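Quick one: structure below, then a few questions.
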C-alpha cells in the first residue's frame, strides 16, 4: 500500500536526490514539541480500546469529512462512551474511505494500517472486517501498550498541552514510575486569560486557590500565573501556547490594565474589552517568558464553533472551527514595540491564513530577533500545505527562522506517520533546490538534519 | 496546432499516466450545468453569423485584452449590430492574436479553429483572410447549425441562465419541436431580488403580473418567487443562481423582513439596507430550495462595471467587472446557522478570491453537509486556475465536496474546448498524485470519471 | 559555485528548452528602468570601498537576516562611517552565510563572488579571509571603477530615483564629462507630496525657492511640481515613482483640494486628511503625466519603520518595512474614473500583497488601457516570487500587460546577477509552457526577447 518513494518528485534526478536526503533523516528520533496526546495514557499504560474509539471517534479530520457528505454524527456515535456498535461504525467508515482520497488523513491512516498493523490491502467495505479484527487483536498485545509504542516510535520527547489548572498528576506519575520516556507539559493559559472561555471567572478563582494568590487583584493574578508557569517548568515544560481568536496584542499602562482586569472580573466587559484583555495578556506572557525562559507559541485565526447547532448539541472541537483572515503586522506591533528586539525571547507564530506567509510572517520573522515561524498548521499540515509554506517563506525568512515540524495531534498512533510525511516533504523540497542548483547537496543534507531535529530542539529549548 | 499531449506534465512518467487517465474520459458526453448560451439558437436552429459576430463581439475575454492594449471598442465594433466591416475587425483581432499567448482564450480558440474549422496554421495577420473565409463558409453548412453542433459535441444536457421574468418560450419551443437535445433553464433571480439591479421595482411588479400574486406584499412576493421556481422546475430547471456583490446572508424575523421589503419597495433603502435585503433573500432562497429541491449556486465577489466611462457608454458586461476580497466565514453564518446541517440542501459556492479556497471554502465545504465547491470561476477557468483550485482545496475538502466542471460560457462553440481543458487538467493533476504515490491509478481513473460526470450529475441533480 | 543550468527546471526536456531560450537572451544589454544606485558613483568614478562598506552595510536584505538571528547592528557596524573593523564584520557575515540558503541574496552574492571576483569556493568562516583579500584587491583595479563596471555589465540605460529637491548635479556632471553611459533620474515626489514625510513643510518651501513659485498656494505648488518634472525630463527622466502607504486615489474638486492643501500646510491635518492628500496627489500626478508623458510608477503597501526602537536609533531603511494587505480595486477607482481609458497614459502598478495579483491587478491591467503591471517587487524579486507572479498574472493579463524586469537595487554590483535571475526565471517559465504545448518555441523565443528588452523599453519609453 505504501510506496517507498511516496511524496517524492516524480522526475528521476530529483527523486534520486530526495531519496538520499530522506535516507539521512528517516531513522532519526522523533521530537514532538507541540501536540495533544494525553499524559494519562503513559501514566497508566493500559491497552488502547477498540478501533473506532481509537481511530475514528476522537479524530475530527475524519468525522468532519464524513459529516460533510451527509453521514450523521449519531450514526458515527460521536461523543458516545463506550461506543455501542463499534463494528458497525467501522463499516460505515471503511465503506466511505474513498472520500479521503487526496487528503493527509489518508496518508496517515495508510501508514498506521500498514506499518503498525501489517495491513496491506486498501481499506474498503470489503476489507472492513479484516481490518477491524486485526487491529482489535493487535491492540491487546503487549507491544501495543502506550509505553511500548512510545519506545518503538523512537520518541525522544513528547509535549502535551495543559491547562494552568491541571495538577499535572499524570506527568508526575510518569516521572515517579521510573519509566524513562520524556513527556513534558505545555502551559496553555486560555482558560484563565481568555474572558470568553467557558467558566473563566471560576477558573480564575481556582487559579487563586491553587497558588495561594489573591487572583481578584491584578497583581495577585499575575503572580499566580507566574507561579503556575514555574510549576510547569519544574515538570519539564519549555513552552507556552496561546490560542486566541486574533493575534492582537496590547501594551497598556499598569493602571489601565488593572482597571480592565477589574471590569473583566465583574463580568461587565463587552467583546471589545475582552479582546483587549487577551491582547494585553499576550504581552504579559511575553514579559514572563523573558523572565522564565518559556518559549511562546501563538496560534491565532480560528473562528471557533462556527456551526451553532452542533455546538449546542455536542460542544467544542466538533470539526467546525473555520479559519478567517488574520492580521499580524498591526496586531503584533504593541508587543514587538516592547519586546521585539529581545534575542533571548522566542515567540513562534502560526497561521491559518496562508496569505500572511509571504506578505507578513516571513518579513516579520526575517527581521525581529524574537520571532520564529511555526510549521504549517492544522488544515495545512499536509504535503501541499508544507510545500506552500516553504515556497512562500524561505526566500524572505530563510530556513533558520523556522522551527521544524509539529505533529499537533491527539492521535498518538499517527505521530510517526506525520513526522514521516514532514521528512519526505522536506526531502522533496530540498531535492528540487539541489536539482535546480540553488543549493549544493551537502548543504541540503545539513538542512534536512536541521529541519528534522536541530531547529526544533533549539527553538523549543529541548 | 494542437499537440495531443497539451496540458499534460512534461515529465514522461507523469505524462504517460495523464494520457491513460485522459483516454478514459476524453470521449464522455458533456454535461454543462451552468452557462450563458441562448436557448433561442436551438429553438430557431439558424446558422451562426459571420466570424466576428460569432467569435469576437460577444466574448469579453477577447475584447478586454485588446482594449487593455489600446485598441478602442469602436474599432472593434463592439455593441454594433450588424457589424459593418467584419473582415476589417477580424484583421485587427488576427494581427493582435499574439496578445493572447499564455491565456485560456488562446487554448479555446485554437481548439475551435482546428477541430471545428480544420485550420492548422496559427492565426496572424498573414493567415487572417484564410481564417475568415474558411469560418464564414463552414458556418453556412448544415452540420454547423446549432442543433447539429450540439449533437456533434455530445452534449447530454446544457443549462442556460434565465431571469424569473423570462417566459422560457425558447425552451418551450425546443421541447415542442420534438428535437431531443436536453436544454434546461436556470433560475437567476437577481433582477427581482437585488434592489440595485436596474429596473428592480418594475421587475417586481412584472413578477406580480406574471404570477397573479400581490408582489407589493412580502408574502405575495415570496409566493410569486416560489411560483416562478415551480415553473422553471417544470421546464427542466434543477438549479438557481445568485450573483450578489458579496456572500452576505441574513436571517431576519418575519416582521423585520417585511419592514425591510417595504422600505426597499418605497425606493428609500440606502446601500446598507439593499445589502441586507440581498442577504435575507439568499436565506429565503435556501428555504425554498429545501422545499422544491432546486440546487443553489452562489457567485459573489465581483465589483461590477468598475469602468465608469465605459458603463455610461456601453452598459453592463464590458469586461470591466473586477473581483475584490470576499468573506465567506462570517457572511454565510446566518444562512448556515439555519440550514447548514440539512443534507438535503445543496449550495454550491464559487469565488473570485482565491485566498478563500484553503482558508475558508475548503474548511466550510469539508464540514457542512449542504455545501459543495463550484469549479474555478471566470478568470480562473484556466489551466493554472484549475491547478490552484485542486491544490488548495483537495487536502481539506477532498474531491467529493466539489462538483466537476462548469463551462460558464456565452460562446457555444468553445464548450468542447473548455471541457477538454478541464479534462486534461484533471488528468494531469491526478497523474502527479499517482506518480508521487498519493493515489493508486485505479482510484485516479475512478476519480477522473467522477470529476467529469458523476459529481456533476449528483450535485446538479441531473 | 555557479552551475550553468541553475534555476532551470530539472526535467530534461524542459531544461533543454530553457537553455535554448536563455541562450537567446543571456547576452542582451541591461535596461534598468527602476533602481536606487547613486549617480555620484559615476560622476566621480572613484573606487568602491572595502568589502563590508560595499556589500554588507548598505544591503538591508543582508543585515535584516543577520539581525533576525540575534546578531546586533552594533556588531555589524551598521550606520557607522567608516567601518572600524571591516575584516571582523566580514568574518561575522561569512560565518553566518549559511543563513542565506534558499534566499535570492545568496544567488546574487554567489554570482558577484564568482563572476566579478573569480571566487569559486563557497563563502564560510574558512574562506572569509581569502574572500576579503581578493575583493579588496580587485576593488583597487581600474576595471573595477564604476564606469568600467557599467560598461562591462553592458548597461544600456540605468535609472536612479531622486527627490524633486535634488539638483541632479551628479547627473549633470556625468553628461558634461563626455562619458557616454546613459544614467537617467526618476522623479520621486514623496518628500513634497506626502505630509507624513519628515520635513514635509520645509520641503514644500524649498520646492518654492527652487522653482520660483509660491508653493504656499495650491496653484503655485502644482506649478512648481510641473516645473520640476520638466527639469527632470530635460535631464533624461522618463518616469515618476510614488511610494505611498496605500494605493488610495482621490478626485476632489479644485476648491476642496485647495482647502485640503491649506489644512495640510498649516500642519493641522490628521492622518485621514494626510491620506486624502496623498490620494489626491496621485491623481494630480496622473494628470501631469498625461501632459508631459512621464510614466507613473505606484509602489504601495509597505508599513514603513515597523520596528519602533530601531527607527528611533537608526532611522529609515533598517530592514523593518513590513507589507500589509493592499486594496487596488476601490483605491484606484477615482483615478481610473478620470484617466483610466487614456491609452497615452502609462501607470505601472507594483505590490507587496501577492493576493492581489490574480484577484485585482491582473483583471485591472487586463482591461484598463493605462495600466501595466510592474515585476515582482522587493521580497518577491526572487525565483519563486517571479514564478508566482507569472502564474497568477499571465492567464488573465497576458504577457503584454507586464513591463519586464526592474532590479530596484542599491547594490550596483548585483545588477547583472539580478537580471540574470530574471532571464533564467523567464526562460524556465516559458520552457514549461512550451513543454506542455501551451506555446510554440518560436513564440517563446520572441516572448523572451520582449520580456527582457522590448516591453521594458516600451513601457518606460526608453
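As written, the chain order gives the labels A, B and C, with residue 1 at the start of each chain.
Just so it is clear, a residue touches a chain if its C-beta (ideal position, glycine included) is under 8 Å from a C-beta of that chain, and two chains touch if they have at least 3 such contacts.
This is a predicted model, so every value here is computed, not measured.
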Margin query: Regarding the subunit A and subunit C pair, does the interface count as same (over half of residue numbers shared) or different (under half shared)?
Written below: different
Item checked: Rotation, 0 to 180 degrees and nearest 5, that superposes subunit A on copy subunit B via CA atoms -> 120
Check: Just curious, how far off is subunit C from subunit A if you go by their C-alpha centres, in Å?
Finding: 40
Next item on the list: Hunt down the residues of subunit C that sit against at least two other chains at once, touch-wise.
Entry: 9, 11, 325, 355
Next item on the list: Going by the contact rule at the top, pick out the subunit C residues touching subunit A in the complex.
Entry: 2-3, 5-11, 64-65, 67-70, 98-104, 106-107, 122, 303, 306-310, 319-320, 322-325, 352-355, 379-380, 382-385
Notebook entry, point to check: Inside the complex, what are the residues of subunit A that reach subunit C?
Noted result: 9, 11, 13-14, 327, 329-330, 333, 336-337, 340-341, 343, 355, 358-360, 362-369, 371, 391-392, 394-401, 432-433, 435-440, 443, 446-447
